[in-house]
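Order of writing sets the chain letters: A, B, C and D. Residues in each chain are counted from 1.
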Amino acid sequence: MGMGVSVREAIAKRAAEEIKDGMIINLGIGIPTLVANYIPADVNVMFHTENGVLGMGPAPLKGEEDANLCNAGGIPITVVPGASYFDSTLAFGITRRGLLDITILGAFEVSEKGDLANWIVPGKIVSGMGGAVDLAQKAKKVVVLMNHTDKHGNPKIVRECTLPLTAEKCVDLIITDMAVIEVTEQGLSLLEVEASYTVEDVMKATGAEFHVADLVK
Amino acid sequence: MKKVRSVEEAIRYIKSGSSLMVGGFGGIGNPPTLIKAILESGVDELTLICNDAGFPHIGVGQIITEGRAARLIASHIGSNPNAGKFMHEDKLDIEFSPQGTLVERIRAGGVGLGGILTDIGVNGLVAEGKEKVVVDGKAFLIETPLTADISIVYAKKADEFGNLIFDKSARNTNPLVAMAGTITIAEAEEIVPVGELNPEEIVTPGAFVDIVVKSEGVNWAWAWE
Amino acid sequence: MGMGVSVREAIAKRAAEEIKDGMIINLGIGIPTLVANYIPADVNVMFHTENGVLGMGPAPLKGEEDANLCNAGGIPITVVPGASYFDSTLAFGITRRGLLDITILGAFEVSEKGDLANWIVPGKIVSGMGGAVDLAQKAKKVVVLMNHTDKHGNPKIVRECTLPLTAEKCVDLIITDMAVIEVTEQGLSLLEVEASYTVEDVMKATGAEFHVADLVK
Amino acid sequence: MKKVRSVEEAIRYIKSGSSLMVGGFGGIGNPPTLIKAILESGVDELTLICNDAGFPHIGVGQIITEGRAARLIASHIGSNPNAGKFMHEDKLDIEFSPQGTLVERIRAGGVGLGGILTDIGVNGLVAEGKEKVVVDGKAFLIETPLTADISIVYAKKADEFGNLIFDKSARNTNPLVAMAGTITIAEAEEIVPVGELNPEEIVTPGAFVDIVVKSEGVNWAWAWE
């Protein structure tokens, strides 16, 4: 997404605060993957991957990879005590049944109603939705991590998405390099502004209105 | 009920134009020995059904890269640029399903259901061209079952009756694909006599498996290597 | 069914001739259960039970029953080498997918088109269809074992069933105390007559016409 | 994520009028300790969902015999005459499904599908009152998913996260029922610390299980004894 390492890490670190003890979690590829590095040791969670593992652990040491133990992105993983292997229908059964407490995803656009577009980029070859529709539509909490604007400086948080939707009204929280914004029934609500920006900066970089009454920092 | 055959005998059932369903997810759990033999056999115009298009030189991805598939039913092709390129050039017809829906369609075919109802994608692009039904005031898509002339899967162990167990996350779509083939060929790392597998640990009962072949092991370098 | 032991055994013995090496078989309760006793030792088959076992073996010795290892009728069983345990959806997946080579069932009525009624008896409390509809509709071969007539002497093989159907046009072969009758596209065909009866006896006891051209004994 | 509770705590979730789904088949695999506690708790007007009505004094059959169920969704009641008697006296409302359809309806509820399409019973009594759809020229019944306020299941072993393994043919409907409860309570013969079960052997992942209780063992004489 063209962010510096420290910005990516800051976003991942902030996202980790959304993770509570006992949660079942699915992390998307990219920055969401980094979130696992910032979960405090006393917070016990189970990571879910849609190919068919509940209880993913950290990456294996180099040379200790097992080609038959990978996440949905094909990257080697380990498992923690209490992990289980199952077929992919059960992995998506957990998802559709609403048992994922949180999913953390990237996005191209998010609308003020929480519509999510993270699938099709116009002009690019369509790569298929994979598990994105299932996850966005069914996780109890959907957190989007992204740059506040695209590489041309255009807002990615908009009144109406221009790209085809992955799912309607699904996003609960948006964490960007500039701010943390909640999607509520009453519209967007600015919760936090990154130290090097002002509320006005965030307003200019956002393509939709938001409430600031709940600003916490 | 002895189902162990040579790879050569097994792949004779796969012909140009066959529908071929392949177990695995991102290359992991694709059957390497059968895929190699299929490539060498020269068949083409296949209808491939698989979770994804793999990677260009890994697993099922090679069948696409070598131009042997005319049609692909999958949830994702992002890791194999050749799939997108051929689609763009009208050399490959692709039908996408959300991943959770795709695997349920394969399962539905495998267990003889007429389809499933799901609200995944009911208000978006996924719904295009699909029939909707309203049950208890809620709209659902009718998603049709998937079967294939031949299913090929990768197992950790098979016994001579075709009972299968899988290996860690390489289980993924394999038990589903194993049920959905008119003929199912299982490639196993190890083949054991009937009675050696614990009845509790068997994931796929031999009733679903027609042919068992011995794996020669993975013949590709993994994407992460 | 009000048959003597030797008649029940004769029917079960004849039914066992339909069983070929390599078959996957589901036996109903009653006489069908006895069929297992007459399969030759060199014919290897796998018995399926709809609660979730493939590879049922003979009954355990008295005192060696395991309450957690029973057939669909709740009767203790054993398993043979190659057996597997699975949940009931997979048991019926095997059935609906057409992987049962043969099912052997009892019946109240069978029509000349192969319609089967073995579920609801008028005037009696409905007990539910259990797995009978699945089995009758989806097994590759459906063999019915029954008395040729009911206890009042009325034919159970009829032109049209009077009882509600379990499944239409599903029966392939009828084995009774009097005869063996095949259901073909062209109608019923008498294959065998039990030694103590004549073709005329069978005609009188049957409520539908049948061909006798293929009579083998 | 420690889910082990006392039986008393666990059954507090079951109230008069609750829908209660019970794992098992012909009594085998019904959870004995939970059923005993439910009977002692005095709840009634339950909607029971179970493969069958068990036997009068065995397993789930006792809940019917004692008049605690107002409604039953099952495939068969032949082994429990009380069920038929109460149905006849309009004390018990019964909905029958073919067995293969019933278990798929429970699974559909458990994995969040909107239903399944099947041709089982499409031309007979089973079809009465059900919607039909035609897919590729073939008629199918729409069969709706089943869920319940509470599911109770019987396992051989559970770990403290609620991962379950089952015992031989007592597996039957238990893994399906375990997925379909809004709250799922698993009664296990043995409860082990997290990490003691092999990830390959786990049949029901702990995500589906809310509460684990220790079984006191079967408290009925079997029908065949």
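FYI, contacts are C-beta pairs under 8 Å (C-beta built on N, C-alpha and C of every residue); 3 or more make two chains touch, one makes a residue touch a chain.
A quick map from chain label to UniProt name: A, C = Acyl CoA:acetate/3-ketoacid CoA transferase subunit beta; B, D = Acyl CoA:acetate/3-ketoacid CoA transferase subunit alpha.
All figures in this text were calculated on a predicted structure; none of them were measured in a lab.
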B-C or C-D - the one linked by more C-beta pairs in contact: C-D
Chain at maximum distance from chain A, centres defined as averaged CA atoms: C
Approximate Å spacing (C-alpha centroids) for the pair chain C, chain D: 29
Inter-centroid spacing, chain D versus chain A (mean Cα positions, whole Å): 36
Distance between the centres, which are taken as Cα means, of chain C and chain A, whole angstrom: 57
Sequence positions of chain A contacting 2 or more other chains: 53, 79, 85-86, 89, 92, 95-96, 138
Shared interface positions of chain D, touching two or more other chains: 104, 111, 113, 118-119, 168, 199-200
Each pair of chains that touches, named by its two labels: A-B, A-D, B-C, B-D, C-D
Residues of chain D defined as touching chain B within the complex: 104, 108, 111, 113-119, 131, 133, 135-136, 138, 140, 142, 144, 165, 168, 199-201
Interfacial residue positions of chain D with respect to chain C in the complex: 25-29, 51-52, 55, 74-79, 81, 84-85, 87-88, 94, 96, 98-101, 103-104, 107, 118-121, 123-126, 156, 166-176, 203, 218, 222-225
List of chain C residues in touch with chain D within their complex: 49-53, 65-77, 85-89, 91-92, 95-96, 120, 125-134, 137-138, 164-168
Chain B to chain C touching residues, read off their complex: 1, 110-113, 159, 161, 163, 179, 194-195, 197, 199-200, 202, 205-208
In the complex with chain D, residue positions of chain A that touch it: 21-22, 24, 44, 46, 48, 53-55, 79, 81-86, 89-90, 92-99, 138
